[in-house]
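Structures follow.
In the two complexes that follow, subunit A is the common piece, with subunit B as its partner first and subunit C second.
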Partner chain A sequence: MKRAKEWIAGYLLILPIIAIIGTFIIYPIVASVYYSFTNYNPLRQMEYKNTFNLQDQLEQYLLVFNMKDLNTRYLLSQFDPVDFIQTQLGIKIDTSQKSTIEKYFDSKKLIDDFVTMKTNERINGTELFSRYMTKDKNMFAGYIPAWVGFQNFSHMINDNLFWTTLWNSVFFAIVVTPIQTFLALILAVAVNQKIKGIKFFKLSFYIPSVTSSAAISMLFMLLYSKPGLINRILGFIGIPPINWLSNTSTALPAVMAMNIWTTAGYFMIVFFAGLQNIPRDLIEASELDGAIGWTRFWKIIMPLMRPQISYVVTLGLIGTLQVFDQIYFLIQNQQNYTTAMYIYVNAFNYNQMGYASAIAVFFLAFIMILTLIQRRFVKEENYF
Partner chain B sequence: MRKWQLARKISYIILIVYAIVSLTPFIWALLVSIAPMNYLLNGKSTGVNIMQWPPEINIFKLPPEVFGAPSTLSNYDQVFTVTPYARWILNTVIYAGFVTIGNLFFDAMAGYAFAKLKFPGKDIIFTILLGTLMVPFPVTIIPVYNLLVNFNLVNTYAGLIFPKIASVTGLFLMRQFYMSVPDELDEAAKVDGAGIFRRFWQIDSPVALPAFATLAIYTFMGMWNDFFWPLIVTSNKNMFTLAMGLNYFRTSYYTFWQLMMAASLLMTIPMIVIFLSFQRYFVETDISSAVKG
Partner chain C sequence: MKSKVFLLVIGLAVIFSIGTFAITVVTLGGWVSSPVEQQAMENVVKAFNQKYAGQIELQYQPIPGDYLVKLTSELSAGTAPDIFYLDSSYAQQFIRSGAIYPLDYFVQKYNFPVSDFATSLLQPFEYNGHIYGFPKDFSTLALFYNKALFDKYNVPYPTNNWTWQDMLNVAQKLNHHKDGVYGLSLSPNALDRVMPFIFQNGGEVVNSQMQPELESPQAIRAIQFYFDLHNKYHVAIQPSDVGAGWNGDAFGRGKVAMIMEGPWAYSFLKETYPQINFGMTVMPMEKARATMIYTVCYAMSRSTPDKDAAWKVMEFLLNDGMKVFTEKLGVIPTRISVQQSENIFNNPADEVFVDQVNYGHAWFIPTANGNSSKLLDNINNELYNIWQGKVTTQQAVDYIVNNWNTWASQQ
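After this line comes the complex of A and B, so read on.
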């Protein structure tokens, strides 16, 4: 009895998060796999969702300017449901749907309603069909994308741009993660040297990571521009000005440098907290043994910081493989897109959600395999 | 001992150099944001060169000069008049605020259940939930967007807020804290006849207040700065959040640098204030708990 109560309470307490994660992460993964085998086009879906005033549409289609003394029979002779739906309402239909409409569309009812002004309201395509089809109403309940088998995946394999974006993502992660980790560690060790003004240093290192990546991108757009500050500074050592962001060979490294700048301060705080936990006597004992400077750093501090290092590396890899905002704002050339950005443009700019889903599914599998490999080789502390 | 001194000297150099690197973009943005859009020189209108070096600052004049021109705060004013900036602030506060409140409740509830209660399937559910942390957001975004379209949630607050009101990261954080609350406390309350929900709400949660504060701060800041989700959900200017709105100052023909920098700094200031006021929650709490695991 008591135990049953505890079970019920447990399930009730976790219900909300299960519902949210289930709806917005687990269901979408399953749906993505399904979409990846279809030619999903969001514009087609919108055709069924867009609302229109049926009366206005019919007036325009039938060229009626005056609602008085209408001849129903004449109007009916002028009305072709397939043509009306395709040209006036802009809903694309295939041949089987066409014949169904020709057979079962109740034009008479529609024209009667039109003449008696019953159609004067905003409805969408789905509602139109459910009202005026005598049979097969559900055929138009919504847009059902066509099954295309492995077409999206074979397209993906032959898509050079896709492989470029995947390489960009990997390149981004394997360059940025070690550098930001190492830089953060150096900064943490430096801050830990009984320094004056710790508060100031911590604040100034932390500000970049509490700033929105959108705002940071704006700041760096200014700095990276051709007459901008970075080119001025490089000018002092004789480097000619470069248009960092529109040059395909410098754009990604420029964003990577910015990413390191953003995250190093945050990770510095992680390491600093870890360093504070190292017992003082341990450091002092090592000093007596003559372990100072680099030796101490590599032999004493690094091993003790292993949990923090693997935490930072894991977070860094997750963050860099998914980098999107900064790419969205700063990258101008498709050649420099990351996979996350490529999925986005395919889905939302090119309206190829089927293809975008195929890339997304591949990307998920890719990341899962990387994670498994990492787990295998780095048998480390489990944070999760 | 001399080497020890040397280490400190090197440390100072590293820290000062990196502090300069860290702050320069913000200082430059500040200078640009107070530079006039245009100013009159001998009766003729001249643009300010915001890229010039040195930035020709003269603080001994009134008003102080930047880029050789009198500084002004009018850009900050302009941001509010050329864009619905006040509305964006409101949207961002609503978005970040409600998401934070939702997370405080739902993450804490689930965190408590996973830390203190026993029920069948607990471990496997927890493992699955943690596994979802590995899923990159572009993978889920297409079906999620279609869900929003089907439920007419695009360009609504509900669409912005609802999918975010619980998070696995938050759940994990709360679970760690409830686990650190001694079981004896729970047992004692049980003996006194306190039910599960009372123990959760009145006995264990007050002890975990620092965790609630950490969760609230991190969630609020994350949502305040979030760009990707508002990009997907909003297309109507009046529904933009601050991060989303920044794009508004950049057209394909011209970038309004002064306004863009003013808007960028405006949205950063509250975050710095939050960081300064709640510093202790940033450092010790979440990280040490996350790492100990």
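After this line comes the complex of A and C, so read on.
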């Protein structure tokens, strides 16, 4: 009894976080796995839910301008239920639904109700079908995206642009992750010194990672532009100006450099905390053994920082593979898109939610496998 | 005391809700390209609300940010405005999905003069013999030239029967890299800017079976000429080469002598670069005259509760609204009757844009399922590869034609 109470109390306490994670993480993942096997079109979401006045809709479809002296037989000859549903009500139907409507839709009852003004009320598509279908009403309960099996995935395999974007993402990750990790470590060691004014350096290293990505992107857009600062400095050593972001060969490296600059400061904090954890006596003991300067860095600090390195590399890898905002702001050409950007474009610009979900699902699996492999190589051992 | 306040609140709520039930509310959404435009639209809305006081209340809700993305999500959630803007280039995508309401009934019921619109302007908004939107205004491309630069290098101004060769010759004379002056600024990755050249050379982009016609010698030669201006003759630059965001900006900075843009560039230049002394003329020609027509329509959402009221709004926008927009913004009205009414053009330059409507081609690429965004992005990407010299025109066209149906057919 007491156990059960504890059990209930425990779950009640974690209920909020379960609800939040369930709504915003678990459900979207499950939904996108489902959508990846369908041709889901979000614009059709409302087609059975839109409400309309049935009387008005019939008037408009049958072009009735005056409700007096209506000829039921004439109206019935003018009424095509399939066309009415598709054109007038905007509900798309597939071939099996079409033949069901042709067989079981009670046009006569509808027209009779129309003439006697019984249709003068607001209903939605689902209600229309439940009233005027004599059979198979449940085929028209709501919008269900068509199941297409592995079609989205096979399309993905044949999509050259998808492979280009995947390569861009991988290229981004394998260049940025090691550099940002190493740079962050160096910065952490540097700010761990006891020099005057170290706070200023700490602050200036950390500022890029707390500044909004949009603001930084705007700044770098100016720096990278053809008459921009970077080209002027390069001009002094005789390098002709380059259109960094428009040129498809330089655009991605330019964004990478910016990404390293913004994230190194963030990971520096992680390493800095790790450095603070290294026991003072260990450093002193190693100094007595003659480990100073670079020897100390490579032989003492690096091994002791392995848990932090593993953490930073894992987070860095996932973060760079998913990079979206800076790409969204700065990249101008399709061939420089990363996969995350390509997912967004497919979903929201091309209206291909199913295809976008398929890429997202593949990409999730891809990142998971890469992370597992990476954790094999960089083991999270604890020395204390 | 407390219960009295409570009763008062209830009473007010009841009165308020009765009030809102009696008046139909219609919402209007669209992007805002300038504060002037927003103000003009607010005036139109005010005029409508005065005319229909007590019956219909029009609420203007401009959509900021990425319009296409916002509109898609609002339509899928059923929260979209009742009437909204729809650009010709992607209108079919929305029409085919069933999210837009057909207007044929209202046209018949209220005797709306469809013939007052040029057919080329209605075409992007038609599907299966039904009309889904009426264009609010339109733009065509014209040739802008910087008179100061032409005078400086002693070159005669463009005429209205220039050929490509004339344009190239003049561009070469105006090209002074040392002074930072170039002949032309072109959009390097936009099919709609290459298309006029294809039409001018007697080519076509798609045929009636919605298949690409880019491999015809006429089309190839046109694309070749467009990109040769940059790659071979070095007389054309892209806007970002001079640190500009778009052609109009590059022109305004006095870096290029000629651009091909629409009326939006005219108002932009007048506002942002008032010191620039420029002229405008029709697009150059080769075998035929051609330009692009860009148009935006008012469309009605399927979720609109009172469609009759929404139609009244639309009719007002297409009548009184169009007149206000023409006077205040200098846009080109789509209705022939408005075009012909007196004193409508407060700037004579508008004539250049209107004159070209007869040989203009509406900007949209028909596809079997109405979805052309993916197709266009891929084509534009490949065009930019020609600009960068990564592929030849022939290679790019072959690649585009081979992949056309894959890009156009999905879903």
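Here, the second predicted complex is superposed on the first by the 278 of 384 C-alpha atoms of A that agree within 3 Å, B and C clash if a C-alpha of one lies under 4 Å from a C-alpha of the other, contacts with A are read in each partner's own complex, and residues count from 1 in each chain.
Everything that follows uses one rule, which is that a residue touches a chain if its C-beta (ideal position, glycine included) is under 8 Å from a C-beta of that chain, and two chains touch if they have at least 3 such contacts.
Small disclaimer: the values here were computed from a predicted structure and weren't measured.
By the touch criterion stated above, A:Ala214 is placed in contact with subunit B alone, subunit C being left untouched.
Once chain A of one complex is fitted onto chain A of the other, the partner contacts of A:Trp167 are absent, as it touches neither subunit B nor subunit C. With both structures placed on the common chain, the touch criterion links A:Asn277 to subunit B but leaves subunit C unconnected. Ranking subunit B and subunit C by residues of subunit A touched puts B first. Contacts of A:Asn247 after superposition: subunit C is touched, whereas subunit B is not reached. When the two complexes are overlaid on their common chain A, residue A:Lys49 makes contact with subunit B and with subunit C alike. When the two complexes are overlaid on their common chain A, residue A:Phe150 makes contact with neither subunit B nor subunit C.
Contacts of A:Tyr74 after superposition on the shared chain: neither subunit B nor subunit C is touched.
In the superposition on chain A, A:Trp298 contacts neither subunit B nor subunit C. Put simply, subunit A uses residues 42, 45-46, 49, 225, 227-228, 348 to touch subunit B in one complex and subunit C in the other. Touching subunit B in their complex are the following residues of subunit A: 3, 5-7, 9-11, 13-14, 16-18, 20-21, 23-29, 31-32, 35, 40, 42, 45-46, 49, 186-187, 189-191, 193-195, 200-201, 203-208, 210-216, 218-223, 225, 227-229, 232, 261, 265, 269-270, 272-274, 277, 287, 292-293, 307-308, 311, 318, 321-322, 324-325, 328-329, 339-340, 343-344, 347-348, 353, 356-357, 360-361, 363-364, 367-368, 371, 381-384. Put simply, subunit A touches subunit C in their complex at residues 39, 41-47, 49-51, 56, 59-61, 63, 65, 86-88, 90-92, 122, 155, 158, 161, 225-228, 243, 245-248, 333-335, 345-346, 348-352, 354-355. Subunit B makes touch with subunit A in their complex at residues 3-4, 7-8, 10-12, 14-15, 18-19, 21-26, 28-29, 32, 50-51, 53, 105-107, 109-110, 112-114, 117-120, 122, 125, 128-130, 132-147, 149-150, 163, 165-166, 168, 171-172, 196-197, 200, 221, 224-228, 231-232, 242-244, 246-247, 249-250, 255, 257, 260-261, 264-265, 267-268, 271-272, 274-276, 282-284, 287-288, 290-293. Those residues of subunit C lying in contact with subunit A across their complex are 66, 68-69, 72-73, 75-78, 93-94, 97-102, 105, 108-109, 128, 130, 189, 238, 240-243, 302-303, 305, 307-308, 371, 373-374, 377-378, 380-381, 384-385, 388, 390, 406, 410-411.
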